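Letters A, B and C mark the chains as written, and numbering starts fresh at 1 in each.
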Amino acid sequence: MKSWPIIRPYVMIAPALIVFLLFFIYPIYYMVYLSLHSWDFISPTKDFVGLSNFQQLLNSSEFAKVLSNTLVYTFGTVVFSITLALFLALWLNRSTRIHRLAQTAVFSPYIISLASIALLWLWMMDPDFGLLNWLLSLVGIPKQPWLTDQNTALFSLILVAVWKGVGFNTLVFIAGLQSIPKDLYEAADLDQSPKWRTFYKITLPMLTPTLFFLVVTNVIVSFQVFDTVHIMTLGGPVNSTNTLVFNIYMHGFRFFNIGYASAVGVILLILLAIMTWLYFRLLSKRVHYQ
Amino acid sequence: MAQIQLKNVSKNFDGESVIERLNITIKDGSFTVLVGPSGCGKTTTLRMIAGLEEQSEGEIWIGDHNVSDISPGKRDVAMVFQNYALYPTMSVRENIEFGLTNRKIPKVERKELVYEIAEIVGLTPYLSKKPQQLSGGQRQRVALARAMVKKPKVFLMDEPLSNLDAKLRQQMRMELIQLHKRLGTTFIYVTHDQVEAMSMGEDVILMNKGKVVQQAGPMELYNEPNSMFVSQFVGMPPMNVMSIEDLVTYSEDSWSFQQQGVSYIGFRPEKIKLLKAPSTSGFCLNCEIINRETLGAEIIYQLKSQIGNIQGKSYLTPMVNEKKVYVEVEYSDLYYFDKDGNRISSIIRTEMKSTLTAAGEKTS
Amino acid sequence: MKLLNYLLKGLNWVLLLTVILIFIFPFFWMITTAFKSFSETMMFPPKWIPDQWLWQNFVDAWQSGPFLHYYINSITVTVSILVLQFLTVIPASYAFARYRFKGDRFLFALIMITLMIPAQLIFLPVYLQMSSWGLIDSLASLIIPFASSAFGIFLIRQAFKQVPNELIEAARLDQASEWKIMWKIMVPYAKPTIITFALFSFITHWNDYFWPLVMTNSELSRTLPVGIARLRDIDSGASWNLVMAGNMLLVVPILVIFFLAQRHIIKAFVYTGVK
């Protein structure tokens, strides 16, 4: 009778906890374990090989390319998307009908499946009959190869990611802007502060927590890019869009090089852990003013 | 029978003792008020009776049952909360019905009971409304109805009127008293407001620092406070109390009080007379009026004497306009306290006559 | 001065319309393409409006693969996830919001850590696990890993904590069991948050391409996003009218929901993420 209230909370948490342990926590351990072994998915034994998967990976020019692709993609996406979103937020943060409509329009791609968007843009980026090249032809720019050339493919993926994600960032910025107390602006007006100084001294500092939040979440999402790569380029041409998750997928499911794929996974884990740690560091001594 | 007894009840929060060895008996069918300054443990006591708080030690009895280990729902008590705690997602009807449903009372009977109670408290037109659509007074009634419908042995009320405006509060006070008369059930009512306690309670339990200071009817509490704390808690403005040591400076004879253990002397503001000449028939102080609060029927005077500031209250008498006055108090209206603030009632009041007059004389 | 003002206002409008077009026009382009004939997609400059609106494209797209299965699978998976999440998230949120127990902070932190572990990181070990249980290529492998949600626990726990303590005490005095308090008092109180989370979860899993792609390898267990992406491969590619017709099957339900519950959805995705 008395013991039930003690057990009760554990019973209530148990179903959720089992799911997390089984499908999130344990796999992390298993992945690290696999990265230290050599296995082709078929043979009955997994041979312990120490760090040799990592050695192989660090010496591989393919991996260097994959890592640099991922970092360039991440950097490009985050910088473009967030800068653009900040401008859009400052501009669209008004409550007239058209401004609200623009907010909704900008946000709408965010809730559409990335698979749909990848297909749509694959069509729009068609080198021969695509919409984008037609638009370019209107202003006299010759047809671009977009995804079919190794110099433009990664950039094209960035473009798609920015188009899909900028609306989310914009609305988060707008939420941040709206949480800045109005009287601060009134006080600045009374102090005869010019508009640019008000922005620089009040708006921007008050937005820093939002900015950090967005940078970190955008970086984490960009690290995981897969859907657009798989649908639009399959990592090509010539590995120019081969990214970390796609690389894990290929080594795991196409080449059955489980140990190596897991080693790449561990690298991704480390990158994600650094970002998460950074996020909590910033959060704890976070630059906030309220 | 629903007499309530707390036997040696203690309560600790995180190792800190809030209530220590409390012994209370609450008479069956009484309207008992638990009153005291904030943090005195009155709400904790009420919550322990309800079972919402588990006592660290001791036993709680309701009627012939030791309910110490019984869950709140099974103690046959109902409670009205300070913020009413109405379920916001349920209609008024569902709010009142909720406790009955949980007791698996048949639907027909439930409907009848709800209807009956709604009639009594005047909520019939509002039964299908949500609490958010009601006024403060109506919400209060829903809270009452929800408690009443269960026909509990004991009603517990935790400052139920504190969220109402002054006028409505006055009205609800009267309604609660009448409700108690009609139901004849034990009511336990917690408040920090001594006026509420005095006006509503048949039996008042005054608490301080986790202990019962005095349990008595309101008039006894006023007339025969057992300590300085009670004398100053009850009455508005509170009793004037002065230390005998200050008096000694002006009267060598007050030494004889000290011999008898008297450390403080007190008198109620409403027992003073303001005179133009020193009195010879009572305790007398030479004072200066520094402020007058004119409340209409009453006037409250702030007075400065050489042994400290005192307050006086007159009722239906013309305002005294002089600056210097003599304050006279009948010897029979004086109260004596020892160094711990406990009342000394063994001293016969008239004995003090000469010495205290001297104290008054010397100041002039 | 006045003229300048008008000009600026006009310019602002033009720019706003441009921005709206940039984000809306691709969807328009998707829709018209879906109705074009194959030859109309092969024109440069492109044809905006098809000569004939070919509903046949949808039939062809639908028949090019087991689309009925995709649809049923998508609905089964999404609904099962929602139901399971509802059943696991609410009790857990309730426990974390209402009880103090040994290890509560540790367990909560453990669950919050999983928020930081994306499916894209752990799919390989999970796949291997699933295959050792013989669950590969089953709907179960698409459902069970998402039978609970750390984000949901985070949100709903927060909402439960807002419930005034007095309300729970009143219910206890009304002889309500803990079970009843949870479902009759707390859940109705937290309803807006629960709906918000449900929308979020529904859209996320309906749209998911990655997990079904990795976990399934036969046509009959695939979901809509994977199925549609495969339309690209029919007729050795480039039947864009059919691909876009298929694409609409996936997008239209979401757009309808977005249209109906716009405010809720924006709240679900944006405002809950910020806090």
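The rule is simple: a residue touches a chain if its C-beta (ideal position, glycine included) is under 8 Å from a C-beta of that chain, and two chains touch if they have at least 3 such contacts.
Chain identities (UniProt): A = Sugar ABC transporter permease; B = ABC transporter ATP-binding protein; C = Carbohydrate ABC transporter permease.
Being a predicted model, the structure only gives us computed values, none of them experimental.
Asks: By CA centroid distance, what chain is farthest from subunit B?
Replies: With centres defined by C-alpha atoms, farthest from subunit B sits A.
Asks: Please find which chain has its CA centre nearest to the centre of all protein CA atoms in view.
Replies: C
Asks: Could you state the distance in Å from the CA-based centre of subunit A to that of subunit B?
Replies: 64
Asks: Centroid of subunit A to centroid of subunit C, CA atoms only: how many Å?
Replies: 17
Asks: Could you please state the distance in Å, as a whole number, between where the Cα atoms of subunit B are centred and where those of subunit C are centred?
Replies: Between these chains, centre-to-centre, one finds 59 Å.
Asks: Please output the residues of subunit B touching subunit C within their complex, sorted ascending.
Replies: Where subunit B meets subunit C, its residues are 50-52, 71-74, 77-79, 81-83, 85-90, 98-99, 102-103, 146, 150.
Asks: Which residues, counting only subunit A, touch subunit C once they are in their complex?
Replies: Subunit A reaches subunit C through residues 6, 8-10, 12-13, 15-17, 19-20, 22-28, 30-31, 34, 41, 88, 98-99, 101-102, 104-116, 118-124, 126, 128-129, 131, 133-134, 137, 163, 167-168, 171-172, 175-176, 210, 213, 217, 220, 224, 226-227, 230-231, 245, 248-249, 252-253, 258, 261-262, 265, 268-269, 272-273, 276.
Asks: Please give the residue numbers of subunit C that touch subunit A in the complex, ascending.
Replies: 13, 16, 19-20, 22-24, 26-27, 29-30, 33, 41-46, 87-89, 91-92, 94-96, 99, 101, 104, 107, 110-111, 113-114, 116-118, 120-129, 144-145, 147-148, 150, 153, 178, 203, 206-210, 213-214, 225-226, 228-229, 231-232, 238, 240, 243-244, 247, 250-251, 254-255, 258, 262, 265-266, 269-271, 273-274
Asks: What does subunit C use to touch subunit B in their complex?
Replies: Residues 164, 166-167, 169-177, 180, 184-185, 188-189, 191.
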